[in-house]
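Below is one structure, written out as structure tokens; the observations come after it.
As written, the chain order gives the labels A, B and C, with residue 1 at the start of each chain.
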Amino acid sequence: MSALLEVVGLSAGYGGVQIVHEASISVSQGEIVTIIGPNGAGKSTFLKAIFGAIRPTAGRVMLDGRDVSGLSANQMVAAGAGFVPQTENVFPSLTIRENLEMGAYRRKGGVNERIDELLARFPELARRPGETASRLSGGQRQALAMCRALMLEPRVLLLDEPTAALSPIMREEIFQQIQAIRDSGVAVLMVEQNAREALAISDRGYVLVAGRNALEQSGREMLDNPEVGRLFLGRIEADAGASPSANAEA
Amino acid sequence: MIEALLPSPMLLLTFSGVANWSVGFFTTVAILGIAVLGLNIQWGYTGVLNFGVAAFLMVGAYATALLTLPPASDFQAYQLGLELPVWVGWIGGAVAGGLLAFIIGLPTLRLRRDFLAIATIGVAAILRTIANTAEGFVNRARGLNGIPRFLGDSFDSSDYKWVLLVTTVVALLLCYLLVQAVTASPWGRVLRAVRDNEDTAQAAGKATVPFRMQSFVLGGALMGFAGALWAHRVGTIAPDAFSDLFGTFFIWTMLIVGGSGNHMGAVAGSVVVGLFWFGTPLIQEDLPQALGSQVLVLRQFAIGLLVVLAVLLMPKGLFPEQARVSRFAPAPPPTGWRARLRIRRSEA
Amino acid sequence: MLDLAQLVIVGLVVGAIIGLGAMGLTLSYGIMKFANFAHGDMMSLGMFLAYAAVTTFGTGALGPFSVGWAMIPALLLAMLGVGALAAGVDQVVYRPLRRRGSSTISMAIASLGIAIMVRALIQMEWGPSPVRYASGINRAWTLPGDLKIRPDQVLIIAAMLIVAVAVYLLLFKTRLGKAMRATSDNAALAEISGIDTERIRASTWVIAGGLIAVAGVMFGIQSQLKFDAGFEFLLPMFAAVILGGIGNPWGALVGGLIVGISQETSTYWIPTGYKTAVPFVLLTIMLVVRPRGLFGSTV
């Protein structure tokens, strides 16, 4: 199965400081892929560069077989991708309904139906669509932000730390929603700090260290990987002599 | 008011015509240069956006006028009139400028830049209104006449302009040395840190607002001094002479063209822009009729265009400041047209 | 008391003009994030473009007003003209600065240059002497309580209300208006959502230009046209914008009314010469005490 989203050798940074160094990933249809890594590894920067929210300095991005390298963020939306940033991911002075309308700005017709369709999955939001977004709780905002990105039925959804700063109950709900999104035919690529919970629902995972690929495995393998477990999953190593057998695939 | 200083182009046909014009020109430019140095301290070195420069020039001019004029008569109604020596008036002008900066700065220096800019425009407008309206204060819109000349009694008219030129150039030189010394000092380094990154400077333990106030006051004093020199040069001042166009925008154009963050640039900018402004009426004869009759408005248009182009093309002005990380680090590769020219010449 | 009530009426009219101009200014400030110092001279341009149109079409008066049917196409032409110029200036000056990552201060300084250029152009084209849309006296109507109001002044207040409703419909009932509000909230998020924010900005300039042209024409109807008339409104408009909260058009409108009424009624207590200082005093106080404005801002 050819990859839906293919990123090859992407480099990016801010103001002359390079953060991502020739990183590559691929996401196939029907997959949930998670990127984990230490703080400051450039995971968020990587995601933003893929989406065109910041300009990559090198590398290629292919979406659905089409070269979308260098496209701006609003063009990526037209190409079939959606992005939810970590913070400030809703329009605070707009209502829930208006936030969703903005997600469908590029489309003229059928917007109301799509809004109703998405709100049906989130009764919390459906109850008061005229509520101003600034008055929503953290979990509600995250849900709204994801719905906004789904308005145009993207082929792949990019999420930057969707469960950051959420309570454990909310985290579980968001991860369930992510699976539902995948089941509805949208591939998901996410960056996560809550690595264990994220990997548990992921088909594949990548480890990014200092802006470079360090490891690529299936979600299950990565969960069971003792080295990864020690570094990122907060697992206490019972057998200190165990040697990691990590396969570093670029 | 500035129009009053323009000679007829015909005068320039003779050598003495050129000399006369140049003396007047450089006197004016020297005075304005002091104001630009003051603005450079505020904006170029500290990042304080002062769009009310006219106000500082005005209080400096009026302070010296009120100090050096004889007591009010039936013809002009104003306060004070202490008939003090001119140099006392000049000091008074500097003090007035610094004091105004202090008073305005107290509530406004902590505002974000664009709000500070708007507030300073407002202050300049308020001061102009008060000057124009208050009875018996500064003779309202009619202005103050007969402001005494510096050393005016000791020289006769034809030589006086040279005296004035020498005086103002010396004043400019002294101010230049002053600001140069001040910004090379440790105080100056903190100033630059405040300008470039307020957060870092604060983290290093420097309370930034006092530094901005000190720089604002120093800049204001320089502007007040310039205003005072101006008052004695022209002899007559009125509130509307210190309009936003001449008092503020003109000085800003000089700073932008010359390059902020650099004292030499500030002075160079005043010469270049001054040449442009005072020189264009001289070529009035050479322009086609339609343009020539409009030359005074045309040069206003051109000044506006100059600022827009300067912002678009040379955000660092004619003399960009060389970035200095530390005197122990190797110098960064030179930027700017002068350096590139030097490199090209050495390669040739 | 009669005098004070009469001053309130005058203040209402002046305030309506300030408010109309401030609506456009607050929209551009909220979306472009910089203070546009050319806004006052755009007001002058609007009033003079309408003047050029009216003197071509015909200056006949209609009913009790001092202007006639010709003013309607003249007004539309002025709105289009200023809107187009504002959008053009953005393309040539502010957009390159944005692309380069320039600070909003650079844009503010550039806007000062634009202001000077526009003012000089107006002076070159129409001269330094004041002109009027129409000559003749506009007879005042008498209201209960022996208050006087001129038909032109009623027209101005009506224009303000119509424009307020139009702006409301734009911002809350149209896709473009909602996208403008979204861009004002968070331009990066708007881009991520698929909105072409540069198109939104261009539209914002056209709308802001149209609004300021209306303000200029309204001013011209009840006064004489001078090349620097608009510039004198710049600070009162900023006062209204700050009062109302940057990015908030209703705030700007109400702010304008507050500024206008304060300015005119102040003469009841203080000498008339000081009245032009009132907006500046209000502005300075607001900036120091409550920069977010009375109703909250997006900047």
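Quick notes on this structure:
Quick note on the criterion: contacts are C-beta pairs under 8 Å (C-beta built on N, C-alpha and C of every residue); 3 or more make two chains touch, one makes a residue touch a chain.
Given the structure is predicted, the values throughout are model-derived calculations rather than measurements.
When C-beta pairs in contact are tallied for each pair of chains, B-C comes out on top.
Among the remaining chains, the Cα-based centre furthest from that of subunit B is the centre of A. Overall, the chain located most centrally, as judged by its C-alpha mean against the mean of all protein C-alpha atoms, is C.
Distance from the subunit B centre to the subunit C centre is 32 Å, each centre being the mean of its Cα atoms.
With each centre defined as the average position of its C-alpha atoms, the distance from subunit A to subunit B rounds to 55 Å. Put simply, the C-alpha centre of subunit A and that of subunit C have 44 angstrom between them. By the touch criterion stated above, subunit B contacts subunit C in their complex at residues 49, 107-108, 111-115, 117-119, 121-123, 125-126, 129-130, 132-133, 245, 249, 252, 256, 294, 297-298, 300-301, 303-308, 311-312, 315. Here subunit C touches subunit B in the complex through residues 34-35, 93, 96-97, 102, 104-106, 108-110, 112-117, 119-121, 123-124, 235, 238-239, 242, 271, 273-274, 276-277, 280-281, 283-284, 287-288, 291, going by the rule given at the top.
Residues of subunit A that touch subunit C in their complex: 51, 53, 72-74, 77-78, 83, 85, 88-94, 98, 101-106, 148-149, 152. Against subunit A, the residues of subunit C that register as touching in their complex are 175, 178-179, 181-182, 184-186, 188-197, 298.
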